[in-house]
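Below: a set of structures, written as structure tokens.
Paired with chain B in one complex and with chain C in the other, chain A is shared by the two complexes that follow.
Now for the complex of A and B:
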């Protein structure tokens, strides 16, 4: 194993990690806002990928161009999911934690079933996209262009999210609601509206990730499952609810995955991620950046 | 209050005896193999869910990684039988002991985690187990293990010709899981678990040994689930990592309890009696096309029930357990 191989895989791990962070950040946002984990997060990613695929297959819209469209569609979808399901789940008086887990799990199963029904279990891919299959060489290291663009999009999205939360009225309402959902009602903020917009925003972010992922990943009904688990690990690693934690967690996960792939057979590369997750939470039970 | 509780416990026990007796004669009249198969699965999932309920329902530690113990039970039995010719009965016991030991070893660090951190840790640990078995050549890796059929025998626990022995074993398993739950409900552990579930800090301050009682729940729960896994391996004659340790098994164990009523004595069985036949029927009538209609029905049901009756369907049968009017 040469130094070059190591740097090469760490570099691709970093790129992939930023994308993992982007997938996870919507999850972190929703969790921070209302203490709810969306167990259908992977399926949100899956439909975003399908949406990207169909926009490409029917209208020849390149994933790079359809990304904002897909994000907007997912925004609506996320808000609707909040209004139709999550709104009621968080009201449950008995077994609140359970209800919230299983209603979103149920949604995940339905979405997977619908995808199988309408799109068949076949594997699909976006062929001949502008970026697909291209690589660039930076200082002797070859980087796949789709992942590179994905990482740049992720960084831009993190920046935009940061500005959004800190500079806009809605962002401030979001922050206030996550501080104290009861008190914001007193100053005339509609909690439900903020939660719905939070879900929309969280879903839009995963929509953006899905559009980028569609460039270089196969699309099939179960594609969300493994990415969802990585997203949960990413979020928990960073500390639930911390948007910055999701960003940092993503980078760590990407680097750990690349390192594991160097040391263990490829089929075991996820073991490294899971092991690091366990190690971190055993030492810091609230994640790296979660408040203790 | 105490006498009412004792009264309820006595009635539960009588009801259980009557139901078990009725269940025992049903297959003598219902000869249809498809239906018998469904009954075996219903009892098995009822028993598994009842065992899951001990840790996740009574003690409040929501585990979505119990497929690990199910798989360990199945693999221990299958490996001991195919590699060393050890009878499945010993495999069953061995799998149970191994699972209980692993559950306690994992509990040691995991029980410090709260809420979602704990849930995700259980998923992740089961996933690691799955990946390791996927790559473990001696245990058949991804190809799995075929269990050779050596003819009908209680000794070898194989009955290729009839579903009846499987039915009676599954019934016994469900009875044992139910009885263990019933027994623990009124034990020191049972009270501790409820205290731990409601308010761990308060329980700790009142002298409940929170950690030990969680460990106890984990061990009992894992042991019983492993016995179920061991039974399953003998029932289907073929196991591979995905088919005994996949995430869907963790989910399937939780669902009957969630549907019926989590942390209740009868919830898991009630949930299994409704859910398993429904699953099997939707699978055979609309799922055969492989187009996911069964998933849509199943998932829709989960959403509907968890939103409409968060306390589970068992509440419909016992109005007396409702909150007293104030």
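Now for the complex of A and C:
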């Protein structure tokens, strides 16, 4: 194993990890806001990828340009999902936890089925994007441009989200609702609006991830499943409800995955992720940056 | 004997066959179960397979002037002109769902035979259930050698398995070396289910027997979100030939990641699966000029056997695609099974099994480059000669073995 191999693996792991983080941040945001796990998170990613693909296939819009459009569309979609489904699920008197789980889980299955029905199970791919297939090489280390841009977008999106939550009125309302949804109603903040905004934001972030991923990944109805699983681990590892934790968790997962693949047979690389996760849960059950 | 729907049907068929008037009036049908992934990551395989089986069904149930079993005339003459009806079941690439669905096909849909399954891992459980109920199973497109070695009596495979395919690859390497090509080291890259594992084991053994050095042998997790670590190791090993055994999704990601990490192997010789799929070439075909894949089908054959082109056109009308290695094997799977049922003159599992054992279809009566279809005592057809195809200028041309080749191999790839 040469130093070059090690640095290359770590660099690839870091780039992938930032993307995992971006996918997970939306999940963490929604959970932090209202203690609901969105089991359709992977399917949100899937429709974002399809949206990017169709904008490319029919209107020749490069994924880099369509990313803001897709994020905006997913914002609306996320808010609508909250208003039409989740709002009612959280009101359930009996078995509230189960109702919440099955409402988003059911949504995931419906979305997957609809995607297979309308888009067929064929594997799609954005073939000729501006960034696709380009690579920069620094001292023998290859950094794929799509992942590099994805990493920069992830850092920028995380920074913007951080400023939004900490510096704007809406962000403060978000934080306050998170702290005590009952009390904010007393000061005239519409809880439903804030929750819808939270769902919209969470979906927009995963939409952004999907648009970037469409450049270098293949697209099919089940594509969300493997990424969603990693996102759940990332959120739990980083700390439930912590947006920063999700981001840091993503980087850790990416690096652990790359390191495991270096040291063990690559077919076992997921084992490393779950081993670290179990270790964290064992030592610090609330996750690395969790505050609850 | 229990009175079941199948036996009643059998009785009706036998009675119908006795009298010419009754025979004309009877509308009995033969039900065959077809089990494929119709949802999940491999759903496209199931969708394509369905079109292929429907094409074969058309050939059997309607009158066509092809030199294929059951093409002329309608239905199965041995069963009074009975039509075949297919029942499709979805195993979702999951061996346990395959087990449950096969049981449902046999006990509830009353199928008299089963065909499947794309994934070898699923074929393992499906064939076990068929064995238990004594229902013949044709493994249309599974290529794992271990499948036919389990001593099952109701298991049959008309197509080649990975040892035959891999042997063809090594014969090709030997031939290329004689011509002066440098082929000393090989990198294996295979997925972690039975297909990839069996394929790699075979290739490891063949490499050892014939004096090729394995530079690296990478077993990876199928449907991984990222293959950069794996590709990095392939790049470091930098063997003369890269030999992937991957399904479509992994194949696409492999080729994309290779381009991103600046890895261009001298040659790629693939174990079919994803590398025979149109979706893979749609996605990354521009990076695959010169890739070689094994196969048991080539459209080139249409030049020698015009019916191949005509049947391909029938399939293309349904699916929008040309036959590939998988769909052609599926097509033949149903024809072979229907031919056996016709000769068995019965829908009884044991009788169909006996007819399958007696099968002997000459290669010219198939759409494949096979010598013939004849099963050995394990249910394997050893006369199903594989070919190697090279992707040149957006299509596949046959380059090996010499008697089937229509072009010289381009070596190295570019």
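Basically, the second predicted complex is superposed on the first by the 289 of 292 C-alpha atoms of A that agree within 3 Å, B and C clash if a C-alpha of one lies under 4 Å from a C-alpha of the other, contacts with A are read in each partner's own complex, and residues count from 1 in each chain.
Keep this in mind: contacts are C-beta pairs under 8 Å (C-beta built on N, C-alpha and C of every residue); 3 or more make two chains touch, one makes a residue touch a chain.
All of these numbers come straight from a predicted model, not from anything done at the bench.
Trainee: For the combined arrangement obtained by superposing on chain A, do chain B and chain C clash, or do they fit?
Mentor: clash
Trainee: Quick check on the superposed pair: does A:270 touch chain B, chain C, both, or neither? Answer first, second, both or neither.
Mentor: In the superposition, A:270 touches chain B and chain C alike.
Trainee: Quick check on the superposed pair: does A:183 touch chain B, chain C, both, or neither? Answer first, second, both or neither.
Mentor: Neither partner.
Trainee: What is the contact status of A:122 with respect to chain B (first) and chain C (second): first, second, both, or neither?
Mentor: After superposition on chain A, A:122 lies in contact with chain C alone.
Trainee: Report for A:76: first if it touches chain B alone, second if chain C alone, otherwise both or neither.
Mentor: Touch status of A:76: no partner.
Trainee: Regarding the shared-chain residue A:257, is it in contact with chain B (first), chain C (second), both, or neither?
Mentor: second
Trainee: With both complexes superposed on chain A, which partner does A:216 reach: first (chain B), second (chain C), both or neither?
Mentor: In the superposition, A:216 contacts chain C only.
Trainee: Just to be sure I read the superposition right, which of the two partners does A:142 touch: chain B = first, chain C = second, or both, or neither?
Mentor: It touches chain C, and chain B stays clear.
Trainee: For A:5, is the partner it touches chain B (first), chain C (second), both, or none of the two (neither)?
Mentor: Only chain C is touched by A:5; chain B is not.
Trainee: Can you give me the overlap between the chain B contact set and the chain C contact set on chain A?
Mentor: Overlap of chain B and chain C footprints on chain A: residues 113, 116, 120-121, 221, 265, 267-268, 270.
Trainee: Mind listing the chain A positions that touch chain B in their complex?
Mentor: Residue list for chain A touching chain B: 31, 37, 85, 88-89, 92-99, 101-103, 105-117, 120-121, 221, 225, 229, 232-233, 236, 240, 265, 267-268, 270-271, 274-275, 277-278, 281-282, 285-287.
Trainee: Using the touch definition up top, name the residues of chain A that touch chain C in the complex.
Mentor: 2, 5, 8-9, 12-13, 16, 113, 116, 120-125, 127, 133, 135, 137, 142, 144, 146-147, 216-218, 220-222, 226-227, 230, 257-258, 261-262, 265-270
Trainee: Taking the touch rule as given, give the residues of chain C at its contact with chain A in the complex, in rising order.
Mentor: Answer in residue numbers: 39-41, 43-44, 46-47, 192, 218-221, 223-226, 228-230, 232-233, 236, 248-249, 252-253, 256-257, 259-262, 279-280, 282-284, 286-287.
Trainee: Over in the complex, which chain B residues touch chain A? Could you list them?
Mentor: 62, 109, 112-117, 119-121, 123-125, 127-128, 131-132, 134-135, 247, 251, 254-255, 258, 262-263, 290-304, 306-307, 310-312
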